[in-house]
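The same chain A turns up in both complexes below, where it pairs with chain B and then with chain C.
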Partner chain A sequence: MATAVTAVPWLRTEEQDKTVFRTCPATGLKVDVAAERLIIANAVAAVVFLLIGGVYALLMSLTRWQAVHLLPANWFYRSLTAHGFDMLVAWIVFFEVAGLYFGGAIMLNARLVQPRLAWLAFALMLTGALMVNVIVLMGEADVAFTAYVPLKAHPTFYLGYILFAVGALLAVGLFFATWVVARAERRYTGSVPLVVYGLLTAGVLAVYTVISGAIAFIPAFFWSLGWMETYDAGFYRNLFWGFGHPAQQVNLAAMVSVWYLLAAITTGAKPLNEKFSRLAFVLYLLFINLGSVHHLLVDPGLSFAYKVTNTSYGMYLAVLGSLIHAFSIPAAFEVALRRQGYSRGLFEWLRKAPWREPGFAALALSLILFGWMGGVTGVTIGTEQLNLAVHNTLRVPGHFHATVVSGTTLAFMGLTYYVIPLIFRRELKLKSWATLQPYVFGGGMALVSIGMIASGILGAPRRHWDVTFAQAPFQVALPGTIHLTLAIFGIGALIAIVGGAMYLTVVLASVFLGKRQEASQLQLVVVPAPMVAGNGHAGEADAENHDSGPYAPRGTFIIVLVFLAFFATYYLANWWLLGRLWGVG
Partner chain B sequence: MIAPPAVWWRPLGRYERSWLTIALVWCLFLTAMMPLWFFLGRQNVPATSYRVAPAHYQKLVTDFAQKYQVGTENDLPIVAPPPGDVYLLAKAWQWYPVLKLKKGETYRLHLSSVDFQHGFSLQPINLNLMALPGYDYVIRLTPTSSGEFSLICNEYCFIGHHLMTGKLVVTD
Partner chain C sequence: MDVQNAQNAKNAQDTPNGQEGQLQPVRVPLGQVVFDEIFLWFFLSLTISMVIYNIWGLMDLLRTPVVAP
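So, the complex of A and B:
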């Protein structure tokens, strides 16, 4: 079979391969050193943009907290634009590119194809991100993250977005190429691990996302240069959200992959049924990008059938995917913990879970906040008619701060603590801070989302400098309670920013001051007890089912039923509220 | 590191099957709610819209305001039209004109913008719709409570966004 491999010019046999590998002592994985450098570069860029975006977050939350009202109007809207780009695009996508190189090369014991092109992708993304940041700071692009046509920004703004997108597309392409080559060169056997499968899902969604973004931004670039007379507002919205919302679905698929990874690292969990979990990713692949219409539900020009088909992801089949993960991830670590001997009653495993291990704390809080707050509110406000009472109020950012920040960002933060010993090969400093950080950040963000959602229910608009309307011609009397709910949001934001600063401190201290050393184990604080029955890691012995006996995931089953009851209550309460509105149709 | 077992295509366990069934039923219920409300509910998203040139829309609104004007407030006409077609125009940073409607009557409220994208947000009712330039969005609106209501803009429309407020009056 070796001849068949060499017959293809771009495949390499072991003798031909000049790639430099090192073997990781903690995992036994072969690590491509070139891929490792790229992972470091992308992760560092991600963290830098998280820092910049975090500074804007601080300034903005202190402005929306009406009692403080820090920034003047123009700087508020400027910060809003930069915060949206730096967080939703730069921080997350740089981190995801690092994740893709990790999943594509290192987890498959493979080499990253064309590291030079990967550096080009990095340079394009960095250039694009800097262009957007500079032009926004210069006050030439006060158009918010969405840049809704006909609000016009300086051409540099659109060009920055486009360069970033081209770089990201190149990185995703290299990830796919790395996987194809790894398979052809037989760097791994059997199916790819579930985590890589999830990252492949994210990669496919990313291709769709970036192409839609290009179709939205390239005409906008031409229009801002004056090469195009007009650009239809409704058309732009459709295309922009084909980029803006699916970009968050890329985050979702990447985050769920990270959840499986963190569960494996911190508790030795492995998926109960690979078929079940992979089915959920396939449902994402097929249906989730329809959700971009969530942003267009109260737009003119679109029919009921179009809105309903898309906003429901077909038949909520992408939601079914998320509900599957909502069961299968906690069930996986429940079974792992029960096998470590914590099998009494329904919830002993939950009490004895490694709550002091930063990766587990980040996983658990990310899972709870994403599902109970982000997921439930997202499905509710994405319901066509319910959106009448929600669109563009603070409930919308309340929802996506629960998903993208409490969910994705927190999961990525948790993962970083393991990347430092494994990839940066530095000792993790300030471990007690790392233990505490997910709770501080997650707690703060929970208050942020609650404050925003409550303010939105009371009518407070999003992206708004002054909800007292002090300088406006007509006085507007929003309920006085919004001052309380906005204060909850502001205080939550301060706590979350402390959590963010703790994260940055731990990361920077470890990278610059940590002892250079090889990781000897995966866990940082709590080492799981040995499994009582069978081994948590891959093996045929685990093909047994968990229908009954002491290791059955009974606790998780109760938890998901309670979750569904909460979901149904929130959802139906919203229909009740809608029914009290004026007649509209 | 966490390679799957060689054969992972296995039947689902009891808990997985039960949860999948429950979750699927919930998803079907979520799907059914929107068509059900479409036929049975009184609050639906308007689906009638026309293409309109901003200049033409501006003229429609001005003519409408002159025809039914009953007063002035903050330099804006107060307009009290009979049930039927009524017009509202969004521009940076104003809602034009001030509408005076009757409780229980049904109006065809036309909504459009002549410059940027704006967000029609009626408070404290909390009813929100998009106003886009080039689109005449027709909303069948039936006020069911009376009093003075505020219009705010909840789509960012450049740096005077927070100044964009208006008024809508409903009489018994």
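So, the complex of A and C:
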């Protein structure tokens, strides 16, 4: 049904008049049907690439696990390249584009501007992703995700990346245009919701990321065609990591936005202090891209001042942003649960939390695994001196599997279960599987990261087919316990792949076999109890209640103190280990 | 965000079904005005990243002495 739109003369276009909205009965939001179709298309593409990337993950895990050592060397590097692209770029970015259209159009009750251009963006991204996958499968681009110069791939590989980047940049531009038009048409009042603010942060970070990717890959494309004789490896690494690492910061901002959304959906939580949460996003905007130098800490030619300024002084301000979110999100759902009557002692709210609700389980596990494993190891790796003992070992993928997979992917999986009834308008099938899935996937990924980090500490290299050098012509003194840590990694990978398969089964069963129906409520399994006092709005009066009294988040405060103690212990233990790496004197 | 929007935001919260009620003047806190300036943060984000990460790094590389083959 078409609904009337606010008249803004200079914006009144034929397209605006044709915009068709439906009203979501569960949220009351007006849904632009064109935006809805694009969200579905991008989400489906994301899940397809997750499936492809997951198959490569299985093959690689069974190769790195030396007791199995499945693939020959060339297929290992081929899988490494495709897995990196499909998971770090295709799955995540397609899902984020769906998220941007959701945040820009639907959460603001607005229309998506220029849906035809959005379809063009989708086509460019899909074409680029397919080109990369095909050329890698053909064995013409065994250069890993990073494609470090002087490793040279077929020109199609670089062209695929460039097309994907152009499509993604177009999608991000449309998201910003949608927000600007929504504001001009008074589709919303006041400031944008915090979730949309987080998505705007992700959008800004994405612009820098995509521009950097284009600057890195266009010369590489010319070089692969023979139009450029040489391409300086140092220059490439600087430019590539302006793309590679910020791409994960886009994930971070999008994931934190999803955390706030899942907390609201599953517990009725409201941000405790919007100013601090927004300040944390601003800290990301200003400083988080400087973390890219983590990858260049052992590179020659770069000054100590450059390395330390970027990875320490600048980066720590962004870490402060993450610490703000890490406190404010659990505190928000603690307050919400205490308001529902679970206010006895320090942790009754935690025991009575909706652990059977898939979105809450995904949120809680994503928060824990991202913060305790990904965040702590990331800050440690980012210290220049400690990086000497970590660089190019399996500890690095151990870290980023905790952030990108246990954190971002798990949060996105949790959100998918709510997208199916709200956007696909299908009944969610296999709800008991959906309840169990975050635990299986999160548990498996925790073992993956622990196994990789422990193997890295023992000396196993990253990006290597033979991580114990068993077939090397020289002797490498790696301790025998490395087989135990690699087995932990391998078993964890198998469990995580089962969790991934459960996710895909629930999604596919719901989309293809689920009854077509309108969602009547947000929650899937556990409906929150009504608030026993107040309405949970984050106004000034509530802020006073949070400072003391039965609703104060005292449990979260204790958990945060334990987290900081763990953080300090892990960090100092790494200095202790560094001191024992080489004998001095 | 302008004052009009703030008025609307408050009234949308205060009235059922988001219907606009009697508009009351509301002064928007400076911090909120600054936070809402997304394009300011956009500019600063790009500038800081490009100057401190890209340009400084590339300048360091350009200053590296070249070893004769």
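Convention: the second predicted complex is superposed on the first by the 554 of 585 C-alpha atoms of A that agree within 3 Å, B and C clash if a C-alpha of one lies under 4 Å from a C-alpha of the other, contacts with A are read in each partner's own complex, and residues count from 1 in each chain.
The criterion applied here is as follows: a contact is a pair of C-beta atoms (placed from the backbone, for glycine too) under 8 Å apart; a residue touches a chain by one contact, two chains touch by 3 or more.
Just so it is clear, the structure is predicted and the values come from calculations on it, not from any experiment.
Novice: Return first, second, both or neither, reflecting whether A:204 touches chain B, chain C, both chains, or no partner chain.
Specialist: So A:204 only meets chain C here.
Novice: A:190 in the overlay: touching chain B, chain C, both, or neither? Say first, second, both or neither.
Specialist: both
Novice: Just to be sure I read the superposition right, which of the two partners does A:232 touch: chain B = first, chain C = second, or both, or neither?
Specialist: The answer is both, since A:232 touches chain B and chain C.
Novice: Quick one: classify A:289 as touching chain B (first), chain C (second), both or neither.
Specialist: Only chain C is touched by A:289; chain B is not.
Novice: Taking the superposition on A as described, I'd like to know which of chain B and chain C A:379 touches: first, second, both or neither.
Specialist: The answer is first: A:379 touches chain B but not chain C.
Novice: Mind working out whether A:301 is in touch with chain B, chain C, both or neither, as first, second, both or neither?
Specialist: So A:301 meets both chain B and chain C here.
Novice: Per the contact definition in the header, classify A:273: touching chain B only (first), chain C only (second), both, or neither.
Specialist: first
Novice: Counting residues of chain A touched by each partner, does chain B or chain C come out ahead?
Specialist: It is B that touches the greater number of chain A residues.
Novice: Starting from the residues of chain A touching chain B, keep only those that also touch chain C in the other complex, and list them.
Specialist: Touching chain B in the first complex and chain C in the second, residues 190-191, 232, 234, 275, 300-303, 537 of chain A appear in both lists.
Novice: For the complex, give me every residue of chain A touching chain C.
Specialist: Against chain C, chain A makes touches at 179, 186, 189-192, 197, 200, 204-205, 207-208, 212, 232, 234-235, 238-239, 242, 246, 275, 278-279, 282, 285-287, 289-290, 292-293, 296, 300-303, 306, 309-310, 314, 537.
Novice: Across the complex, what residues on chain A touch chain B?
Specialist: Result: residues 27-29, 73-74, 77, 80, 107, 142-144, 146, 148-151, 188, 190-191, 193-195, 232-234, 237, 260-261, 264, 270-276, 297-304, 307-308, 312, 315-317, 319-320, 323-324, 327-328, 331, 379, 383-385, 387-393, 457-459, 461-467, 469, 471-479, 537-540, 542-543, 545-548, 552-554, 556-557, 560-561, 564, 567-568, 571, 575, 578-579, 581-585 of chain A touch chain B.
Novice: Would you pull the chain C residues touching chain A in the complex into a rising list?
Specialist: Listed in rising order, the residues are 1, 5-6, 8-10, 12-13, 31-32, 35-36, 38, 41-42, 44-46, 48-50, 52-54, 56-58, 60-61, 64.
Novice: Along chain B, where are the residues that touch chain A in the complex?
Specialist: Residues in contact with chain A: 1-16, 18-20, 22-24, 26-28, 30-31, 33-35, 37-38, 41-47, 49, 74, 94, 106, 111, 115-117, 119, 121-130, 132-137, 139-145, 150-159, 161-167.
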